[in-house]
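Down below are the structures I want you to see.
Below, chain A partners chain B and then partners chain C, in two separate complexes.
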Partner chain A sequence: MARYLIRRLNLFLATSLVLFLVMFIATGKFPVEHTFALTGLQSPTSQELAQIEQDYQLDSSQAHQFFAYLQQRLSGNLGISATSQNPVIDELTAVLPASFELGIVAGLIALVLGLPLGVLASLSKHKITQHTIMAITLTGYSIPVFWLGLSLSLWFGVQLGWLPISGQINLLYDIRPVTGFLLIDTLLSDSQYATSAFIDALLHIILPAVTLAVLPFTVVVRITRAAMISIMEQTYIKAAEARGLHTSVIVLRHALPNAFIPVLKNLGLMLGAFASYAMVVEVIFSWPGVGAWLVSGIYQRDYTVIQGGILAVALIIIFLSILIEVIHTAMNPLSRKELYAAN
Partner chain B sequence: MPQIKIYQEDHIPSPMSRIWSAFTDNPFAFAGLWAVCCLLLLALFGPLIAPYSAEHQDPLALLLAPSWEPTGTVEHFLGTDDLGRDIFSRLLHGAHLTFGMALAIVITALLLGFIIGSISGMMKGLKSSILSHLLDALLSIPSLLMAILVVAVTGPGLGNVFWAVGIALTPQFVRAIHQAVHEELQKEYVTAAKLDGANSLQIFWYVILPNIMDTMIIQTTLGISAAILDIAALGFLNLGAQAPSPEWGAMVSQGLDNLLTAPWTVTIPGVAILCSVLAINLVGDGLRSALSPIRS
Partner chain C sequence: MKELLKRLTLGSAFCCIVPLLSACGPMRVPSGLVYCSEGNPESFNPQLVTSGTTVDATSQQLYDGLVDYDTSTGEMTPSLATSWQLSSDEKVYTFELRQGVQFHRSELFTPSRNFNADDVLFSFNRIIDTDNPYHFVSKSGYPFFQSIGFAELIDDIEKIDDYHVAFHLKHKDASFLSNLATGFAVILSKEYADQLERSGQEELLDKLAIGTGPFRLIDYVKNDFIRYYRNPNYWRLTPEVDQLVFDITPKSTTRLAKLITGDCNVSALPKAGELPVVIEKEELEVDSLPGFNVAFWAFNTERVPFNDVRVRRALAHAIDKENILRAVYQKTAEEAVGLLPPLSWAYSANEKMIDYSPQKARELLEEAGVSDLSIDIWAMPVARIYNPNAHKTAELIQADLANIGVRVNIVNYDWSVFNQKLSQRGYDSVLIGWNADNSDPDNFFTPILSCASVGTNSNRSRWCDPAFDHILSAAKSTADREKRARLYQEAEQYVAEQVPLLPFAHATRMVVKQKSVTEAKLTPFVGISFTKTSEQPHLANDDKESN
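This part shows the complex of A and B:
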């Protein structure tokens, strides 16, 4: 296992290096002054210019420049935003928690609703139930997320007036950021309006989270169903049935843990698409997360924000997908066997 | 009249005809295939049958409701937008932008992925690992981020969408084909062919290629639906097709200003995207289940 972990760590480092290389090449190709693309300083003084040249080694070879670039970025120097003049790293840490909050809530909704529905779809013998569930999931899989978000906000937000459709919380509430996760911060806050602020934050997250949850939900239902159907045919399920166990015990104890393994694997594969969808959802619902920040960065041609955002999001995705792969291997004895056989 | 059997032998269907009959047994998949064929025809001949040009503005018919509404007229079948442009004609003109562009991207990505994936799949050890993992870094950049990067370098426009979505899709093809080739290489019939003295080119072309076809077909249908959704999302964010263009995602974003007074300017292009992606996914699903008895 240690050897496997080292190999995965190796993969993480190598992939991140390639990512930095791609970003380094792209930075050189931005249609602005190279120093501006690197630091975000619109018109640096001669002193700053000398500092930039020294920091990024602009007068040495490309390889030296790349390592200087790597050093600067890894030490947290992402430059300053050209529009707000704040350091990019500060802005990034301010917007990341909101995105994580949205992603976690959406993922939870997808898993909590998707797993039982997938199991139900696999157990039901009715053609109509099966076809309905498959039709719903296929539609959910094909729906363009921006259109779904607009339709939901038009219907539930404007026509019925049930749910707020923009932002993270009503601006009247003054919540001190502790963890950055607004749902937790409102609970931690000691103001007398903490409960109503929490409810308000909860109402704000419903529409974006549901919109974002549609894609992972459909994938979870389909994979769970397919895995359950093949598992329920296995001999150990027949043995459990022969022992007289109740169906619910068989499903929960014997089948579901095994059905969860392919679901986990597909969650890892879906991360990229999920991140793309999350960015669109953030733009539609003006959710103050990293996606909306990046898209406004591209509208204003704020090159340091673009670089910092892409680096952060891509690194997080690389890390999470490798983490999911490791968990998948740890949970799945079969793939561990393959692993030892390969070595 | 029942057919008279003269010969004792049963007719043994070829693998292709077995896949075809398994595919046509599923009515939804078959309906999807018809829809995809219609889409293809529309992408090719849509501009010819459109009643108006994409930019034709009718100042007497601004924000006209679709024809089934009491206020709508049949001249503008799906209504008009805020500049009096006929939505039906714009959809037809946009079909080859959204659907045709998606096809072009997927074909390019498939070719590139096929070449890189099969070379890296046939090789062993470090070289293979470097080639396949090199693109894994690109795989981890979501398509939208890749598009933002491309737009940052070259500026927005429909041509850049081609590169953005193409760069994001190619690694998926490389990975899928690499894995398929790698898996087939471990199997015994490949060893048998090797013992017969086939060189690696022969093994790849005659032994492995027919067996990875199904993976490639499935990956292609997945790729087309993902490409359509990406192109539309980029158009919606104004990073892809620009304002007067009748690309379907851009049409949604142009209708956004009138969302409350004229919801059909947003709904109808959205339904068009949904239907085309749904049709492709139906075909992909049908193909997957038709191919699965052979795969397992």
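This part shows the complex of A and C:
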């Protein structure tokens, strides 16, 4: 297992290194002054210029420059944003929690609704129930997220007036960031309005989270159903049935844990698509997360923000994919066995 | 797995309970107002900028000026100055200052004294005195004051005693008081500036602002919000709301959506096409004021062929202004015949000085010997009060010019890039406009067409004509309104002959808001105020002011 973990860690480091290399080359190709693309300083003084040249080894070979670049970026120096003049790393850490919050809530919605529905679809003997569920998921899978987001905000926000459609919370609630996760911060807040603020934050997250959850939800339903159908045919399930166990016990204890394994694997594969969907959703619902921040950086030709955003998002996706793979291996006796066999 | 399931059930139960919760007890929302504004302020000190967005976020909320302007009477009214006198040679203005006015408190700063003459001296010396330690703290300069030649106008600012200040002018200037009534001429705290200087944090003066206004600045998160709390010691009636939040929402449709869902109470700059939606909703209303602004198409007269007046005239004749008003403004604007809007006292309803005539345009181009002309039009990427959709305007102009055989290339950049590139002069022509800062007609000419304004880049035509400057200075050096009005008419005529720019619309200023909100009110020029407007000053002061 230890060797396996080390190999995954290697994979993470190698992929990240390639990512940094791509970013390094791209930064050199931006249609602006190289120093500006690296640091975000519009018109550096000669003193600052000398500092930049030293930091990034601009008069050395490309290889040296790359390592200097790597060193700067890894030590947290992402430059400053050309439009706001704040360090990019500060802006990044301010927007990341909102994205995680949205992603986690959407993921939970997808799992909580998707797993039972998938199981139901697999167990149901009625053709109509099966077909309905499959039709719904297929529709959900093929709806473009930007259309869905806009339609939901039109129906539930503008026409019915039930739910807010923009931002994280009504700005009148003055919540001090502690964890950065607004749902938690509102609960931690000692303001007399804490409960109302929490409910308000919850109402604000419903529409974006539901929009974002549709894609993983449909995937979870379909994979769960397929996995459950094949597992329910297995002999150990038949044996359990023969022992007279109740169906719910069979499903929950014997079938579902095994069905969850392919679901997990597919969730890992979906991360990239999920992240790009999240960006679209953030822009539609003005969610102050990393996606909306990155998109506005692109509009404003804020090269340091673009680099910082891409690096952060890509690194997180690489890390999470590898993490999910590790969990998958840990949970799945079959692949563990393969692992030992390979060693 | 069991554990997970248990958690999932808990979670789903929780999800079901929450909407119920919100349905039961009424939500408790803190008292306050949310204003959906259109962009980020560049600074928290309006002295350093000309952008309306910044003035909206600062002048009326954080600061006070020496004097105010009352649109209903057209007179100057007291603010931090309770009264003022003009010397017989019209060169010395003496102000008596209001006593007992307190500056804001913040985590950094606790004022030890009230507002007095030192603060007035500091606020204006910072602008005109290059030896002032704060003069060069501003990297952008003082564009409004530079464009009106403020430093050249002021000879000396004299402190007579703690509550009397005299401004000595080098020459007579009838627009002086009007310029002091703009949102740019705000009063800063000298004590705060000194304290920051001692700790070497000068740049904070324009970021963590301290003023005397009805609200104090609490928090600003770029692209997100600005939070203000009520100033409990405001010298006028304190505002009724505890807090004021500017929700920064650049997209117009999003602002409207937020207004409908109740996330904001007042929303800036609606597009003409969105108004029917607002009128349909019972709880919303549109507030409008005839605008003190003008939208125009400026030619870069430093460039060939725009240095030829015949080419400029030809292009101007080719434009169907009525069409632009119909398509872009949808009847929320008036057609401009000159720079001055009908609201101005120097306005006179002349005949159209430049009529729509493609025939004349073609003849003029031929006369100038220009054929096969291809030009760039730079269109602003954002909605402004004077032009809600510059790109559409550019497309209409493109079609009009195609009629006379001129090809047009429309150029677009994001706003900050656009502004930067404009200052680098590399454009043929630009669709932009001007929003007046005060009621004085001079404000429509000196900042955008005088020679001095070429240097500050607010003269988008880069047009400098000594004869024209002469008319303007003649108009400024007299206080006789009739005579001034005549001179400004002459200036209008001159602009119509030389066509450094083509004015086409005076737009109506609008905000949309919930009917229940009574606090928000458009101020006559730039800016919006969130204090009750019927209020009277705390310290009743019946001094007669001479003006």
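Operating definition for what follows: the second predicted complex is superposed on the first by the 343 of 343 C-alpha atoms of A that agree within 3 Å, B and C clash if a C-alpha of one lies under 4 Å from a C-alpha of the other, contacts with A are read in each partner's own complex, and residues count from 1 in each chain.
Simple rule for what comes next: a contact is a pair of C-beta atoms (placed from the backbone, for glycine too) under 8 Å apart; a residue touches a chain by one contact, two chains touch by 3 or more.
These numbers were taken from a predicted model, which means no experiment stands behind them.
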Looking at the combined model built on chain A, do chain B and chain C fit side by side or clash? fit
Scan A:Arg301 for contacts with chain B and chain C and give back first, second, both or neither. both
Go through the superposed model and pick first if A:Ser142 touches only chain B, second if only chain C, both, or neither. first
In the superposed arrangement, does A:Val178 touch chain B (first), chain C (second), both or neither? neither
Given the touch rule stated above, what does A:Val158 touch, chain B (first), chain C (second), both, or neither? both
Does chain B (first) or chain C (second) touch A:Met1, or do both, or does neither? neither
Determine, under the contact definition given at the top, whether A:Ala239 touches first (chain B), second (chain C), both, or neither. neither
With the two complexes superposed on chain A, say which partner A:Val313 touches: chain B (first), chain C (second), both, or neither. first
Measuring by CA atoms in the overlay, how small does the chain B-chain C distance get, in Å? 6
Set of chain A residues, in rising order, touched by both chain B and chain C: 158, 299, 301
Touching chain B in the complex, chain A uses residues 11, 14-16, 18-19, 22, 26, 29-31, 138-139, 141-147, 150-151, 154, 158, 272-273, 275-276, 279-280, 283, 294-295, 298-299, 301, 303, 306, 309-310, 313-314, 317-318, 321
Using the touch definition up top, name the residues of chain B that touch chain A in the complex. 133-134, 136-145, 148-149, 151-155, 225-226, 229-230, 232-233, 236-239, 249, 252, 256, 259-260, 263, 266-267, 270, 273-274, 277-278, 280-282, 285
For chain A, which residues are in contact with chain C within the complex? 83-84, 86, 91, 94, 108-109, 111-112, 115, 153, 157-158, 161, 163-167, 170-174, 192-193, 195-196, 199-200, 202-203, 252-253, 256-257, 260, 286, 288, 293, 296, 299-301
Chain A-touching residues of chain C, taken from the complex the two chains share: 1-2, 5, 8, 11-12, 15, 18, 21-22, 27-32, 34, 40, 218-219, 221-225, 227, 243, 245, 247, 249, 251, 254, 257-258, 260-263, 414, 416-417
